[in-house]
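Common to both upcoming complexes is chain A, partnered first by chain B, then by chain C.
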Partner chain A sequence: MKIERFDLIVVGAGPSGLSAAIEAAKHGMKVVVFDENARPGGQLFKQIHKFFGSKEHKAKIRGFHIGEQLLKEADDAGVKVELNATVAGLYQDREVVVRMGDEVHHFKGDAIIIATGAAENMVLFDGWTLPGVMGAGAAQTLMNLYGVKPGERILMLGSGNVGLVVSYQLLQAGCQVVALVDAAPKIGGYGVHAAKVARTGVPFYLSHTIKKAEGTDHVTGVTIAEVDNHFQFIPGTDKHFDVDTICVAVGLSPMSQLLKMAGCKMEDNPKRGGQVPIIGEYGETSVPGIFSAGDVSGIEEASSAMIEGRMSGAVAAEYLGYITKEEKEEILAKLKASLGSLREGMFAPKNRGKDIKETEEGIPISTNLLHKGYVLDSEIERFPGVTHKKGVHPVIECTQNIPCNPCQDACTRHCIKIGSHITALPAVDETADCINCGMCVASCPGQAIFLVNEDAGDRKAEITLPYEFLPLPETGMKGTALGRDGQPLCDAEVTRVRSSKAFDGTNLLTISVPAEFAMKARFFKAAAQA
Partner chain B sequence: MNELSNRSRDIGEFIPQPDDDMIVCRCEEVTKGEIRKAVHEGLWTIAEIRRYLRCGMGLCQGQTCAKLVKGIVARELKVSPALLEPATSRSPMRPVEMHVFAKETEDTDL
Partner chain C sequence: MAGRIAQHPILGCQNENKKIVTFHYDGKEMKGFEGEPIAAALKANGVMVHRYTLKQHKPRGIFCAIGRCTDCVMVVDGEPNVRTCMTPLAEGMDVRTQYGVSDKPFDQQ
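And now, the complex of A and B:
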């Protein structure tokens, strides 16, 4: 039996695993990454949306582009990535058994980083085993990796960021999302993600869950019903939808089995998503030389996973003497600050389960946003991104404190201010002059920025909105303007369509509507083709 | 002694429920009723339930049902799911055909 030795063996070529490998290899370590999938990148390559955060977190870059960057970096650093390589076991003295092709191979790592990620949770309901019921992540894989439409008419269960983002992507793929359902009384994900789904007309049913998936050999329908505070169905509240697909986005569970097998101390931590290793600040497990990074030690965003990976890579490098303690401390201090800013705001891990009623600025949160997915016309004016002035000006409908600030950098005229505190709500400076360049609209990962000219002449207003659907409407096209609630408001005409490399796939659609709808119209639906 | 190790604790009778025939472990086709019944027959740990019913021992190795089974067992025992020790992690972590392992003996340079 042959055993090949590496300084570092990383299990999992997702955002955290690749980041860990890059960091370690940069310090001269001989690194190999094993991944059971045929493609590297973990879930990154199916993330077609722009990421949140700040520049250092690769904000406003689409997930799959971040994946491409990571792969190139790994390649440049000399990291060996083995695909279709399934780690079957992790044994004493850090021996790793990997199935590659039709053979089992043995490796030994002086250090091991486990970055195996997480798997989707399921929920039981009558008919849950019918074909057509699938994880939201599975639907995303079908669409975004394989170009296969998961279904035509879809019900989404789960209003966390996964449920919201995948719902939007299903709409982009041309599917109909008939309802977004969650047993919780409030939407779990970012309000801006909910708002971009709601304004296309998808109804939200909070405090509802699936009672039954119908069909004999595949899903043909679904019945949902309202639940009380104890998650018991309330009689007489059934609602039926004809659907061919039910997507389930009810959270993720860490795939931490390898760590448990290696003898790392584990705990059941609901805040981290389930069975996780007990780790130090930088992913050190209870077994010397074994580290963990990313979702496997607690469910978070890919942006945090990448930083955690860098951290554990640096710690492993110091553990094996490739860098000094001082060098490690210097690297970690920077990463720690970066990770700290991502863990701020209303959705921070420390705030999970808390009932937050006000923003950091003391502004009451829109309750309608939490229940229906959109901010009411009567609520929107109280947020600092919503101002009025003559001529074109940005209207920023960003109403929750999330760690994100690309809009501030996008505006070269300094119309948009967030400041150094990354979770602060963006405020519009009315004294600065907007030049209608559109960069803020395109750079907002939450698609929450609109350029509004409340008086464009002839009693009309013009609204420029982010548009990421096909077919792209053309100038002169007539249709209907929809409100934040996705309901038809008035006739609208497309007056300008802008696409540019700098907008990175977000098209800017300018529509003309009667002036009274300037602060109401937020989406455009082309008239049906005759 | 905690709520789990005290096996003389009375957890009540097995009361049939309308959704007892719902499949929980798809790979091994184990129903909710079978799991609930097993608890009342005295199998109080995830390891025992697995050995008795094979749930979580199929192709996906419990990736889908482990949390669901834990929830059902915990509810029957009237304890928090966090109290239940998850199944032992063993190699192979993912299903590997025997012929792949069998090949190992062919090149023993040790």
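And now, the complex of A and C:
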């Protein structure tokens, strides 16, 4: 039996695995990455939204573009990626057994990095096995990778970032989202993700869950009902929807079986998503030479997974003597600062399960945002991004501390201030002059920035909003302005449509509405759609 | 083709320049794109049920779409238990609903 040897074997060609391989290969290591899929990139190529973070985290770049960059980087670094290669076993002395086609191959790695990611969780309800019930990730795969609609009328269960982001993507794919449902009393994901779904008119049902998926051979409808504090159904609260598809986004579990098989010390840690290896700061497991990175060692997101990958790659390089301890420390210090800034804010891993009532600035969080997905007109004025002045000015409806700051860099006139602490709420500097360039609107991954001219003459106001749907309205088109709640407010006319390479797919729609709706109108529906 | 996203606001035309192939689903002729997962082509053609379970004869369809759950397995070119979400579509493929582990309905088994 022939056993091929590598300095480093990485399992999983997603964001963390590729990053680990790139870092190790950069230091001269002979690296191979195995992945069971036909394409590399893990889930990155399904992420079509702009990422959060700051420039160093590739913020405001869409996930699939980050995936393309990562593949190129891996290629340039000489990383070998073996696809359709399922790692079936990890044995003593770091022997790796890989199924490729109908053959089983044996490899040996002086170091191993496990970056196998996570799988979707499921909840059981009556009819959950019916065709038409699928993971939100499955829906994302169908529409964003293969251009196929997962369904026509869809109910989403789960209001974490996956549920919110996939709901928005379903709308972008031309599907109808009839409701967003979560058993929890509060929306789990970013408020800005919820708000961009809510303003299109999708209703949120918190403290509700699915009672039954209806249909004999496939889903034809769904009944949800309200639950009490103990997650028991409250009689008489049933609500029925005609749907053909139910998407479930109720969290992820680490796929850590290989680490367990290799004899790494494991723990059951609900805060990290389930069975995870007990690891050091940089992914060192209890078995020397075996490291882990990304979701497999604790559910987070792609940006932090990429940094964890780099860290474990650097640690593996030092473990095998390709870099000195000092070189490693230098690399890790930078990465640690970068990862640290992503793990700040109210959604940070350390804050999971905490009931946060105020922002870091001491401003009360919008309770309506947490329950209904949008900030009330009466609540919005208390946030530092919402100001008033003559002429066009940015209105930033960013009301939670999340690690994200592209708006600050986007504004060349320094109208927007976040400061060095990237979770701070963006504030608008009223003394700086907005030139209506629209870069802030397009750069906000949360689509939370609007350019407002409260007095555009003739008792009209003009609002420029981010728009990522088709068909793209045209100048002169008449329709209805919707409020943050997605309800019709008033007549509106499109006065300008801007698309540009610099906006990266986000179109800027300017609508004219009666002046009194300047701070209320936040979405546009063309006459035929309204 | 029905069920396809003709034009996507971010991704544009996702299946541009892909070759259209013909395949058979339970004897019926269907079209799909070469190399896409069989499951994607079936979904685009409106097929919901991929198989019926062995013991309770319950229907199953696409569930995870990434090769983990095995709900979408079908009989492909005579071979049962083929994960349709992971197997690329090719010209002339014969795709059949799987009943238990057979392509014959239960009353004919």
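General observations
As a convention for this text, the second predicted complex is superposed on the first by the 528 of 530 C-alpha atoms of A that agree within 3 Å, B and C clash if a C-alpha of one lies under 4 Å from a C-alpha of the other, contacts with A are read in each partner's own complex, and residues count from 1 in each chain.
Here, a contact is a pair of C-beta atoms (placed from the backbone, for glycine too) under 8 Å apart; a residue touches a chain by one contact, two chains touch by 3 or more.
Keep in mind it's a predicted model, so treat the numbers as computed, not measured.
Of the two partner chains, chain C is the only one that A:F469 touches; chain B does not reach it.
Using the contact criterion defined above for the overlaid structures, shared-chain residue A:M134 touches chain C, although it does not reach chain B. By the touch criterion defined above, A:Q257 lies against chain B but remains apart from chain C after alignment on the C-alpha atoms of chain A.
Residue contacts after overlaying the shared chain place A:E36 against chain B and chain C alike. In the superposed model, A:P514 lies in contact with neither chain B nor chain C.
When the two complexes are overlaid on their common chain A, residue A:K149 makes contact with chain C while staying clear of chain B. Look at A:D126: by the touch rule set out above, it reaches chain B but stays clear of chain C. Judged by the touch definition given at the top, the superposed model places A:Q172 against chain C, while chain B stays out of reach. Common to the chain B and chain C interfaces on chain A are residues 36, 119, 129. Put simply, chain C touches chain A in their complex at residues 3-5, 7-11, 14-15, 36-37, 40, 43-44, 48-50, 58-68, 71, 85-86, 88.
Residues of chain B touching chain A in their complex: 19, 22-24, 26, 32, 61, 63-68, 81-82, 86, 88-94, 96, 99-101, 103-104, 107-110. Note for the complex: chain A touches chain C at residues 36-38, 48, 62, 119-120, 129-135, 137-139, 141-144, 146-150, 172-174, 217-218, 468-470, 472, 505.
Across the complex, chain A meets chain B through its residues 1-2, 36, 86-89, 91, 97, 99, 102-104, 119, 121-124, 126, 128-129, 253, 255, 257-258, 260-261, 268, 270, 274-275.
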